[in-house]
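Per-chain numbering from 1; labels A, B, C and D assigned in written order.
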Amino acid sequence: MTTKNVAVFVGSLRKESFSRKFAHALRELAPASLALDIVEIGQLPLYNQDYDAAPPAEYVAFRDRVRKDDAVLFVTPEYNRSVPAVLKNAIDVGSRPYGKSVWDGKPGAIVSVSPGAVGGFGANHHLRQSLVFLNVPTMQQPEAYISGADKLLDAEGKLVNPGTREFLTKYMLAYAAWIERVAK
Amino acid sequence: MTTKNVAVFVGSLRKESFSRKFAHALRELAPASLALDIVEIGQLPLYNQDYDAAPPAEYVAFRDRVRKDDAVLFVTPEYNRSVPAVLKNAIDVGSRPYGKSVWDGKPGAIVSVSPGAVGGFGANHHLRQSLVFLNVPTMQQPEAYISGADKLLDAEGKLVNPGTREFLTKYMLAYAAWIERVAK
Amino acid sequence: MTTKNVAVFVGSLRKESFSRKFAHALRELAPASLALDIVEIGQLPLYNQDYDAAPPAEYVAFRDRVRKDDAVLFVTPEYNRSVPAVLKNAIDVGSRPYGKSVWDGKPGAIVSVSPGAVGGFGANHHLRQSLVFLNVPTMQQPEAYISGADKLLDAEGKLVNPGTREFLTKYMLAYAAWIERVAK
Amino acid sequence: MTTKNVAVFVGSLRKESFSRKFAHALRELAPASLALDIVEIGQLPLYNQDYDAAPPAEYVAFRDRVRKDDAVLFVTPEYNRSVPAVLKNAIDVGSRPYGKSVWDGKPGAIVSVSPGAVGGFGANHHLRQSLVFLNVPTMQQPEAYISGADKLLDAEGKLVNPGTREFLTKYMLAYAAWIERVAK
């Protein structure tokens, strides 16, 4: 079993993003068979189809980067009961031009993260609907809805809650198994 | 009955956007009681919560503009079975800072536009989920899912299909009535 | 202002249903302008379009009952991330035959109730999508996602949690105002 | 490669159901490696959690039947922008009692069928949300939204449209490959 490279996308740009902190925790907790690396998305201009013929350099670099990865992991807050624009933009940029999507066939997983009560359920499932179209076989179970995210981290932003660490360790093991299972 | 100012948001940036052409048609077909005006959204930087304290000039101008309007109309394609990033970004920018949303209480309507077969259903309903949170009372009926959009326009991009013109005329009458009905 | 009759639909059939207990609490906490009454739905045969010509007696009685009401309130758990079959069945039965829907135009509201963590978010929003088609103007804010429902009730099933009582009192006041606002 | 038994669920009870006719077509068009069989669901009493301890005979027979199958295929209309009650009921019945779900791990696929324009998109994706919770790895591509279903059938209800026959033949080949890919 070779190491799989997992591109991680964080759906928030703020410096102290809870989602980014959870992405770091997931990298730490993942089994040795997975190498997680955050792919930055905040620099991507808003997707415009007129760019398809002559894409901005940021689009080219982003697409080339993700195309090489084995799997895609989304760690995201919920904005207005849906996917944050910054993450949807990365999805849209990666999906084009038509027929050249970088997402096609890569095993996916979603961790939604919220300081609130409902754990980003709306963002999680809206993202899943896009991943149907993009042909990303997405892990169904376990689902990961992280509520009260701020209370699970210490002052340095490290995930300290033992129950959540245990859950996310199991989550990443299940994801590693899912990647093996659906890899072509 | 005074004229109501309706801010129109177009969910596509490409020059020959079908949605923009339909937005123009809706402005033409609307009853005299509604004054439609497209509010541009492509210039808005990707939303970042760290901007809340000192927002970019584009955010300030956008928020001031929408705050003055009486109602909000969304005309949008579907990207990857959901709302295009450019439109979700405008939604997110207008919703913040917390407690200062420009959307609150403004009567809304959605026209999804697609050259394909399913009329942007996915984008239409994902947008509706955001509008629940944003407290935008959104017209339920008629729904507007425009399929085969390219075949309804002439070479100059004008909506020429008689059935669609009739449907959208009724749609805008219903929206005018909805605005009167739910206005506080 | 006359009293409005509000039909209440409970999305669970089990005897000790949390949703039913919350429906009772909502009846108690509602302002005097609203008269809430639970409409039973467990006796309705599974909807079959072949019944449209000669409907079962249970369908006729249900439709006649709801048609007289001024507003519709749904109190429901989530089953498998969506609306329980028993509630979807009542929706489907009430919506037919084509053109004779009993739901049309009646102001609606949704309270989702769960012993789990995410407050029935999935059921809440799937139900909202149906209510678009059914032309039920549904209150957007406040949303009501009740998590940990079992811990909010006493041994007799009475809602005792002060914070939840206060929230639901405000919720019902907002709903009364919504009914006034959108009533034709 | 052994033959896989695929349980087919039809989301409509009417005698002349388009979905049932498409289920028959899918059985005919499927590759030899798949044996499709319709599992009836109209006889199942509305799910009630109080039945978990002593289930009706119909529940027992249904659960025993599906448990033996290798894969699950849903062919369904859309009722009120969501899953018909009869199909949601089968989902709910099969999912319980807690920990004894018959759906767990079985490769799934969804064909939504509609005489209307938007091809049952709402039902298709609401069903997908339930299948996340039920841990049914569901084929992402191709998606199948059948619009104008009535015009694709002949007077005997046989699927005669060549383009649709070709599409569904490819669909079933893709589903057969998906079953092989995710089978544990």
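Side notes on the structure shown:
The working rule: a residue touches a chain if its C-beta (ideal position, glycine included) is under 8 Å from a C-beta of that chain, and two chains touch if they have at least 3 such contacts.
Just so you know, these numbers come straight off a predicted model, no measurement behind them.
Two chain pairs, B-D and B-C, are weighed by contacting C-beta pairs, with B-C ahead. Ranked by how far their CA centres sit from the centre of chain A, the chains are topped by C.
Between the two copies, chain A and chain D, the Cα superposition rotates by 180°, quoted to the nearest 5. Inter-chain centre distance (chain B to chain C, centres taken as mean C-alpha positions): 30 Å.
Note on chain placement: the centre of chain B and the centre of chain D lie 36 Å apart, centres being C-alpha means.
Among the residues of chain B, those touching two or more other chains are numbered 81, 122, 125, 129, 132-134. Residues of chain B touching chain A in their complex: 12-15, 42, 44, 46-50, 79-86, 88-89, 91-92, 95, 122, 126, 129-130, 132-134.
Interface residues of chain B, counted against chain C in their complex, comprise 125, 128-129, 131-138, 140-141, 143, 181-182, 184. Of all residues in chain D, only 81, 117-119, 121-122, 125, 145, 147 touch chain B in the complex they form.
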